[in-house]
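What follows is a pair of complexes built around subunit A, which joins subunit B in one and subunit C in the other.
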Partner chain A sequence: MQALPLQKKSIWAARILFLLPVTLFFFFFFIYPFVFTVYTSFTSWRGIGGMAFNGLANYKKLILDPTFRKALGNNLIWALCQGFIQVPLACLVAMILVRKPKGWAFLRTVYYLPNVISTVALAMVWVAIYNVNGPLNAILGRLFGMEAKNWLGNPDTALFAVIFQTVIYIGYFMIVLLASAMNIPASLYEAAKIDGASTFQQELHITLPMLRGTLITTMTLAMAYGMRHFESTFLMTGGGPAYATTTMGIDLYLKMDALRYSEASTAGVFLIILGTVVITLLRKIFGKSDPMSEMAQ
Partner chain B sequence: MKKRSKILVVLLVMLSLTLSLFAQSQAETGPQKEIELRWASIWVGNDSKAPAVEALVAEFNAANAGKIKVVIEPQPDYNAYEQKVRTSLAANQAPADIFTIKLNPTTEAFYQSKLLLDFAKVMDPQWKATFDAGSLAQSTIGGELKSLPMETAILPLWYNMDAFKTVGITAVPKTMAELFSAFDKLKRAGIAPSSQMTGDTNAWTSMIWFSHLAVSLGGVDVWEKSFTDPAFVEAAKLLKRFITEYSTSDAVGLGAGGSGGHFLAGRTAVFSNGPWYAGRADLAATPFFNSIKIAGLPPAGSTTDFAISRLQANICAASSKDSAREKATVEFLKFLTSAKSISRIAESSGAMFAIKTDYLPTKALQKQFYEVANSAKATAFDLEAALGAEVTLEFGQQLGALALGRITAEEFCALVDRKIER
Partner chain C sequence: MKERQTPLWYFANTLKWVLLITLLALALLPLLWLLVSSLRTNLELQVSPFGWPAKMQWANYANALAMASLPRLLLNSVVVAASAVVLNTLITSMAAFILSREHFKGRDIIYTIFTAGVLVPVISFMVPYFSLITRSGLYNTLFALIFVYSAVNIPVSIFLVTAFMKSIPKELEEAAIIDGCGFFKRFSKIILPLSRSGLVTAATFCFIFSWNEFVMAMLLTSSIESRTIQLGIKFFSSQFITDYSSMYAAVIITIIPSIGAYIFLHDKIIGGLTTGGVKG
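What follows is the complex of A and B.
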């Protein structure tokens, strides 16, 4: 066997050295916990004491669990709302701001501001807004004479109340779409204007097609967030009332809270598989688009 | 040159080995090293027990200077602390040398851990005699005593008598009929009679009401019965009535903070919580503070004169192969659980303990808790203490549905029953 020249050897050594820290982190903080989670999902384990292999019993229990099925349905609603309401809203605002109307920079900051505020603080603000004696009921009562509602305490309204307070925060996706829209060559719009295209036609036939890749990326990300949603709902309702707002993440957490670690692992594995399936399907439906390269634009 | 540097490396290695061996022999023959015990304590910050506990630790450290040093690791967020205990034990690591747990059917699983010191093996009869025998028995599982009963609590009702006086009532209602009559009067006067809630993971204040109702209707051993027992169904019907007719309009979905907030703001007349709430500064600042009466819920059934109680905090210690370390832990815990130390913590906080003392509080509100506890002919656990976290979570979740009329009391009880492991 012919020895590698010294320069080639050192290049390989450098590559390995550069990759090693990230690889080690990835192994210890993702691969190992993932394998451990999959392993424990086939056992009966309360977090303490020995594990006993129980085959697919946890999976069977999970599928038959009405709370988990409710959580799964809620997550799908979350994913759809984030993908098909939040992102289109963000796109609409980005399309307006890219034309740089008066005060656009200020508006851009205002829209993005909630993204730098802690989720806990925002959740607490919305708990106060939705309170029976809160400002929302006061406004609705004054404008439409509506009777005060317990928005978060009623299973009919709780889920949409928590979704609403997330979906309206469009700042993150708006910034991504705005950045992408700003890169559309001005010459395309100038040519369209000469051809007599109206503003609406320009948006429909230039901006939207040019944003297609970024839109797919943002929708994929938004739906992925929807599938793993946890924080604000947990803070606002704890998954209640009567599991009306429970998501798979909350169900998993509560299983862990009750020291049902193996069942929580099963829910975790299910969540990972489901997330992968949803994202793969989205990619298939909307066509190939590399989210990372889109984000790097 | 290359050879020289190799010799230098060998010499350096030899020198460091010699030095470390020398240092080790010095340590073995020298004075005893101070043992540092880490205590992950929840009794810190604004907790009413914090000042007394900190003072006691400082005194112990001063008396044992150079031998044992207890270091408090503050754990001000109880939920985060519980997670820490769970995850540490699951990862086969003790969260600290000393830590506390809330012992209930869910956390009983901690006893499976070999990391916990079994006090049954180190407890001498003299120390054992200082504990309340009932609490000690409740903390013993399979012959093992892996947590010491420390803080206990009764969970009575708090009556704002100033509010009652505004509708012409001067004494705590003795019967359910009197209670409903008083509540109707309060309602008419624009005061929500009771602080109820269905939020958080345990629907805390309403869970206490339910426990009073269920025990009165089904006896002190009610928790051993099926949750579909008529006692629970009747208790559920009554609780629904209290939530829908005699509470604030935001009770469904409300958390413990909101429930307590309504009482502190004078919006509700009756509240439920443990004695630790008595030491709060915001409670002392209320205009009705001196009018608060502590008592049970009037009996809904044939069982009377009981108190709803629980083991609020049990102390655990990490087991150690180092006998000196284990001895130091026991020494500190003996000091902490001595009648003298407990009296001091009780005096400043108003909390109740599983350790026998002659202590009687001087503060009026705290005194009432002791009087209620001492006058009770029997005690029974609350729902969470008796049936664990998962059952209580289901109780809270379904309580909202019950209150909104989505499910009947029978369905409610059947749903909760499904979560009980028998």
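What follows is the complex of A and C.
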């Protein structure tokens, strides 16, 4: 195409005009906050007054802070449970549904349903379910004669209880894995059947290897979500009892609430590094996966 | 497929259905329990966590709407979610048009930067968002939430809408150029109408996020004039301290829009989740 210089200029003006709104929003809500968080983590800022530079003091303080350590440990437990229990379970369900048993499309739709309902509402229901006089204790009491437990109030069971309720969110990983499994060519299975491979052998030698890339993506993503976990724990226990369920996000919030802004920023830097850099690193180590499926929430 | 129906096959098949039905129950029973509890009396709730209401207590819903300043909070949520959806789809469709239909150096880098935003944990931005919103005088206004929600959804919307616009055949646009369509007409008359389905998907994700969001709403608003329904059911629950059934009714009211959107648009949502898997 032969464009006159004037036309070329105007097309560039139009392009910039169209990109400008998103760029401005992206700058103010992604780039600036990132720089701000990193910068204030090296200062002793408390929300008002100047930002005096204090080097790595916040980092030292945070690493030695027992509540932050507890939070980091809990986030690691979260990440492992999400990556090595949640995703394999989602994968198992996807492998069942890809064979299209009766009602598979309905099941797929319902399994994703909890993902569209507000965490506030679901957290409230789970608090009621775990209540001493709640449905869970009633069921366990009737079936096994178990004594009623205060699931969320007891430091020994609280973390397990808040992690367990995330099983209702397997729908997202299941849908991504199912879409990937549906793309496996049917001819592979037909050839295997001719060779006399059982269903189990087909799953083991065809489905799983073909899903490898998507599995790595979903596991990495699930672990990153585990590292940044905040909302349902905050709503169900506020991080208690006695910090038993606290996470880095909750620690950040509590520090911010106590006007320890730069310490909160330091916790934020840890969150970004552990939640984001880890993804990139794992992707580098395990090689190419499916970056696109990471995009949808 | 002919399976040999051995005892092992029966065992595996039973196990399969036990798993599928357990997960179905975990997804649905908490919501059903909430619905049933919202129609029982408080006395019934105290006697047993289970059970059908002796008489449907629709009054719980009237109480909820009367007690919790619920109408105002619902209105705020509607305004915030609708505005965020409009703002987000408007700006991301413009950018996606450039990123999908125009060819120039550096285009893919811009796309990667925008979409990589999805990897950033937004909760780590609590301090800067609070600082930014306070200093710009938007603290405790609906605009604070509208801007934050539109912005946080940029990566997802750019990803979905760009992928959709890329799938539109070039020929359609070339024909329009020959007919004398300029830059703006190509966008408004050709690409935008053809992308309706992709825009609806992006808008649905943005709506569900904005309607359900809690953390930023808690951080950036402080009074009923600008708080959303999610904060309402969390913090105004003290009003319900002796009236759990009305609180459950309030929760049911707040989840109706999400469930409604899901019932009508679940194909778009599931399609959006698998956009990468199919096209990538």
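As a working rule, the second predicted complex is superposed on the first by the 254 of 297 C-alpha atoms of A that agree within 3 Å, B and C clash if a C-alpha of one lies under 4 Å from a C-alpha of the other, contacts with A are read in each partner's own complex, and residues count from 1 in each chain.
By definition in this document, contacts are C-beta pairs under 8 Å (C-beta built on N, C-alpha and C of every residue); 3 or more make two chains touch, one makes a residue touch a chain.
Keep in mind the model is a prediction, meaning the values are calculated, not measured.
Of the two partners, subunit B and subunit C, it is C that touches more residues of subunit A.
When the two complexes are overlaid on their common chain A, residue A:A258 makes contact with subunit B while staying clear of subunit C. Of the two partner chains placed around the shared chain by superposition, subunit B and subunit C are both touched by A:N133.
Applying the stated contact rule after C-alpha superposition, one finds that A:L281 touches neither subunit B nor subunit C. In the superposition on chain A, A:M146 makes contact with neither subunit B nor subunit C. By the touch criterion defined above, A:I170 lies against subunit C but remains apart from subunit B after alignment on the C-alpha atoms of chain A. Applying the stated contact rule after C-alpha superposition, one finds that A:L204 touches neither subunit B nor subunit C. By the touch criterion stated above, A:L56 is placed in contact with neither subunit B nor subunit C. Shared-chain residue A:V93: touches subunit C; no touch with subunit B.
Common to the subunit B and subunit C contact sets on subunit A are residues 47, 131, 133, 256, 261.
Looking at the complex, you find that subunit A touches subunit B at residues 46-49, 131-133, 148, 150, 152-155, 158, 237-243, 254, 256-261. Taken in their complex, subunit A has these residues touching subunit C: 10-11, 14-15, 18-19, 21-23, 25-26, 28-30, 32-34, 36-37, 40, 47, 92-93, 96, 101, 107-114, 116-122, 124-126, 128-129, 131, 133-135, 138, 167-168, 170-172, 175-176, 179-180, 183, 193, 199, 214, 224, 227-228, 230-231, 234-235, 249, 252-253, 256, 261, 264-265, 267-269, 271-272, 275-276, 279, 290-297.
The part of subunit B that touches subunit A in the complex is made up of residues 86, 89-90, 106-107, 109-110, 112-113, 198-201, 248-255, 388-390, 393, 396-398, 400-401, 404, 406-407. Of all residues in subunit C, those touching subunit A in their complex are 1, 3, 16, 19-20, 23-24, 26-28, 30-31, 33-34, 37, 46, 48-50, 90-92, 94-95, 97-98, 102, 104, 110, 113-115, 117-121, 123-132, 147-148, 150-152, 154-156, 158-160, 163, 183-184, 187, 205, 208-209, 211-212, 214-215, 230, 233-234, 237, 244, 247, 251, 254-255, 258-259, 261-262, 266, 269-270, 272-280.
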